[in-house]
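Two complexes follow with subunit A in common, the first pairing it with subunit B and the second with subunit C.
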Partner chain A sequence: MSSVKKVTLKSSDGEIFEVEETVAMESQTIKGLIEDDCADNAIPLPNVTGHILSLVIQYCKEHTSSSDSNSSKSNEKLKAWDTQFINVDLNVLFDLIMAANYLNVKGLLDLTCQTVADMIKEKTPEQIRAMFNIVNDFTPEEEEEVRRENAWAFEISLKNNNVVDTFEVEESMAKELQTIKNMIEDNYTDSVIPLHNVTSDILELVIEDCKKHVEAAESESEPSYSLASKLIDDPLKA
Partner chain B sequence: MSQMTEPPILNRLPYDIVLNILTRLPVKSVIRLRCVSKSLYSSITTPYFISTHLNHTKNDINRDNARVIHLPFSYRPTIPDCTVALDRSFDTISEIRIPFDFPHPNAQIVGSGNGLLCLAVLVYGNVIYLWNPSIRKFKKLPDPCLGNSRFVKMGFAYHSENNDYKVVRILSPPSSAQVVEVYTLSSGSWRRFEVSLGANGVYYYFRRSLLPAPLVSGALHWIAGEGEEDPKDRMIVSFDVNSEKFRKLALPPGQNIDAKNLETHISSFKGKLAFIRSEYPGRVFSIWVMREYGVDSWTKLFVVPFQRISRCTAFTECGSLLVFSYNYKNRIKSGREFVLVDVETLQEKNDLGIQISLSAATFMESLVLLDGANVVSY
Partner chain C sequence: KVKKSSDEDRISGLSDDILSEILSLLAIKEAVGTCIFSKRWRYVWTFMHRLEFDSFKDFPSMKSDSFTQMVSQVVTLHKGLNLHELRILFNSHQDNSFPHIHRWIAFAILCGTARIELNLSMFRLLSGFCGHPKVTYAIPPDFFDRKNKAVDDIDHYLKHLDSNSAILISRSGRHFGVDNFFSSVRDLSFTQVYLNDQDVENILSNCTSLERLHVETCSTLFSIKHVYHPLKLKCLELFKCWSMTTLEILAPNLVTFGYRGPKINIFLKGVRHLVDLTVTTPLICLDYPKGISYVLDQFSCYFSQLKVLQMEVEAEKAYRNVPELSNLKLLMFYGEKCSKIENSTLIGITSVIMASPVLHRFELHLFRHKPCTGSGGKLISKGPHKYLKEVVLSGFKGLPIEIDFATYLLDNAIALEKMEIITSYIYLLGRRWCVAENNNEVHSRKQAQLFREGLASNNRSKIVVS
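The block that comes next holds the complex of A and B.
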């Protein structure tokens, strides 16, 4: 017979989960209950549904086994697993945050909060409002003013390879070019995008292109890229 | 077919979780959030949010990503740009234009703390600015009470007990009482008091070092000498940022004797007080570290040899020593060559792209000054 100690967890919707004690103890809340000898019967978790609880248990299982000395799981593998695991619907993600908070599973709380933060990082204010259903309580004048005051936060610098000229460009425009978009998303937090093999003249044309593309998108007409932009996106061809 | 669910409301999450999420954002993203809604705008502009965000940033700093900001001592008509670089390698990350004017281009970084910089004009130190480049805000300090003087020493410190920032200005002319002025960010004004430390109450602050006064264990430090004219007996003077009291600390054994052309500096190394001295004529730099603060615990930790006569221009928290030596053409000085040495590994680095001496200080991104009064945005 297995000598592994197990605990029983009961979700808000009545689902029963039998879990190894070491796995359950990833939750500081459950750990406390076990240590206080309150875990003889099923532990009721009224704030967590069965669906979410099964996900939390999955996370705890994966992270407990990785801390075993015999475990061959490397940090990269664990990170890859985490990335896959967290790829869920936004509602589920928020439920996971609440569960991780209630159950006090630090690693899961960090992972979920960081994921939401990463989502916010990429978004414009309009997108953030839409994603999180936040009411825009600015008057149009107030909004214009606050946008103007903080315009610099929406810009990135494009530098040519000689670092002679720097162009301040609205980030949403620059992202029209896939290469730049990729660089931004690869965490160029310092917002200076160096473009090698590109002279200032070409860079000016590229920026014109970005503007045209954005205007075209707004008027729903078909944009065309100049040779300049193609140079950026496909330096090999040039 | 599943029903379209409404997007989750951020407000559904408890405030401390929302804080947990938002304080993970880089500064630029936080600033963008100001445009989302009024409530978000005000949540972000609280001292609590600013310090929680700062703590997150500080926890992520390690030896490999720690940064410095440096500014050359220029004599050209226009003020040069500041450069943000990696502490370990001085690899340039970005250049930042100084957004305000100085009456004289010879400016220096007095100090930094939590992403807030203090810049002053070098010679007389009476035009002073506090600046957070990450959020594009600065504040010009009101004119200090004490006028221009050659005998001014300055320091900038974070006052942790009050979550405040102080600028200290010490005037110690020969044969005169020493006067101290302290500016606190929260009050927005200077306070002045006289200090008498030595037997004859006269102190000279060793003027040759241009490194920022280090903040260690809640106190700012300068090298000083007692006595009139050529001070022979030297020591460290510390200013406790909280109590605003001065104290004397002994230099490492045998180091208190002044000598001509002896180069000495005081700095901070991994949070501890460091004393740097070069043997004349500048071929060997010795670095002592005070292991336990306030107690006689100086330990000589590093000895850095150089092939050429070198002078120190910067020493960083991570132990990067930046020195320069003169190039000569037909026996005339024709420029400077800068070398960066990691004092722990003694690895040297040459191609730094630096031509002039500079002042350097620790740098990080933060929201400090976002809630400040009378700050200028640009």
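The block that comes next holds the complex of A and C.
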């Protein structure tokens, strides 16, 4: 007959929460207090309001039970729960970040930080400032200086599909030249590779075309489908 | 999902610590780009604890000179505090970038970075051959050497930094020093970088917390011998070091070992915990090993303790008896090197399966294979396999030989719960797997469905096509 050990937490606005010890220990801060025997009375948490504390406790409950029963809750289900959970107002999100940091709940801190990172991704500075109400307090000269200091970070990148096309051409080429491809991939460059089955003029042709193809890829020109098809038609015996 | 807050700017109120945590989750370009938001944000990125420069993924159209300048600029401005990870992947081998590379590593060393990866390989995935290196970067010999140096003797690193970084480092209150690095580094990865035997010896001797070492495409490495002091090493990966002849280490904590290279003298002493082995072999035959018999020759002494075995080897005609893999739970066979799958291949594979009495999961990844004449003996049942529960067959095309194999498994694996048939191609890169498209996906999928329909109902329910 074991009684479940509980701890009492008191939020900044006086709300009292009784929580199982194992759940509370998801917070490394609280865990430390429990282990140092400072948790006999209610633990005061002056930096966390009742509303936020209840959310944190919810998170901890969900994540303790999943680690208990040998991940009977699948990772996918937990991830889905997390996504639902974190779908909150921006103010609440920041409160959660600060609470997770103060209480040292790693999973929650990771989740909240990732959420903010996802909001920043692929947006322009103007959009991000608008989203978070950041005021641009640079003078024009200062802003110019900052841009110059990290010029590369402000270059517009061209997302071209050449890379994908090149990939496809190389794949079909590689399929036909599997042997040579593997030799090259293995960086087998220090000795002479004997190709018993290929005569010297065929080999020359192959090498010539490979060179051309590589140069084409390097100069980022249009993928040379014609080169590849010419190569495939060559009577390769390797 | 429009999140509208009050008019307050709460994000700028977060601490540098938390903000840099958030920035570390972004690509480097976006993270540094936050400097423009406001005065408060100007230097937040300089506290990031993770720096990753992947020229292929993030800067595909950047010229290598610009790339080098960019990384050096970041290294100059970064505060160097709390840097856990520095990853640089790029493919320039012009020697004017070498002094820069020295700087980046010197910087990482002085910051006590836990994980350092320098990948100067010209290859990325299946494409992107960027030209043969004319010169290969070599680690300066004193970087990992510690012999009788005083603890604070960081001059040989400082000489590689520019004056800005050097001042920054000497002025900051933090104790930078050789000791920090050597005891902090946990994970080192060098690809297409010249290290010699002495460099590796220095690394193994001085980096006392080193848990993972990855050396790839290094033709200047001949022998690794470190047997007098036990290593903390948990993971060792040696790929394409074609000049190697010997590997002898005392590594009681080694759990994972990945190898691709010539047949060498391997003595992994005291590796009681080695459970994860990955072996891939090159296609060029000559005297280099290929095939499952190579795996048997070199590694069968560890077979009884392995839990995971990944092999990407050519298949051969005949096998000796396979020693028992009494603990093997997961077996993965990548057929990238087998352009023709014949019955003899599958006989070989099944003999490994049958030698693994507690095998839980088996994966066979075929790769662009061609139909063959199907000679070389039939698959004969050697008795049921009592444990095998999950099977994955990828690169499925519906060829008769695949159908035979799948049927064989269904008949003999009496505990089988699920057989997943995947039409895309899965191949092994280093120790991890990647996916490639199957151009005939529709046809393959149809074949898989047909196969499924043709089975008895109890078997049919076990098959999943994806």
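Please note the rule applied: the second predicted complex is superposed on the first by the 131 of 238 C-alpha atoms of A that agree within 3 Å, B and C clash if a C-alpha of one lies under 4 Å from a C-alpha of the other, contacts with A are read in each partner's own complex, and residues count from 1 in each chain.
As a convention for this text, a contact is a pair of C-beta atoms (placed from the backbone, for glycine too) under 8 Å apart; a residue touches a chain by one contact, two chains touch by 3 or more.
Predicted model, so just to flag it, every value in this text is computed and none were measured.
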Item to check | Touching partner for A:I16 - first (subunit B), second (subunit C), both, neither | outcome: neither
Checklist entry - When both complexes are superposed, which of subunit B and subunit C contacts more residues belonging to subunit A? => result C
Next on the checklist: One more residue to check, A:N136. First (subunit B), second (subunit C), both or neither?
Outcome noted: both
Item to check | Contacts of A:N87 with subunit B and subunit C, given as first, second, both or neither | outcome: second
Next on the checklist: On the A-aligned overlay, A:C38 touches which partner chain: subunit B = first, subunit C = second, or both, or neither?
Outcome noted: neither
Checklist outcome for this item: Residues on subunit A touched by both subunit B and subunit C 90-91, 94, 97-98, 101, 109, 113-114, 116-117, 120-121, 125, 128-129, 131-138, 142-143, 146-147, 149-150, 152-154, 189-190
Checklist entry - What part of subunit A is in contact with subunit C in the complex they form? => result 87, 89-91, 93-94, 97-98, 101, 109, 113-114, 116-117, 119-122, 125, 128-129, 131-138, 142-143, 146-147, 149-150, 152-154, 157-158, 160, 163, 166-167, 170-171, 174-175, 178-179, 182-190, 193, 214, 217-218, 220
Checklist entry - What part of subunit C is in contact with subunit A in the complex they form? => result 1, 3-15, 17-18, 21-23, 25-26, 29-30, 32-39, 41-42, 59-62, 66, 69-70, 73, 77, 123, 125-132, 192, 217, 219, 240, 242-243, 282-284, 337, 339, 368, 436
Checklist entry - What does subunit A use to touch subunit B in their complex? => result 90-91, 94, 97-98, 101, 109, 113-114, 116-117, 120-121, 124-125, 128-138, 142-143, 146-147, 149-150, 152-154, 189-192
Checklist outcome for this item: So, in the complex, the side of subunit B touching subunit A is made of residues 5-14, 17, 20-22, 24-26, 28-29, 31-41, 84, 93-94, 136, 377
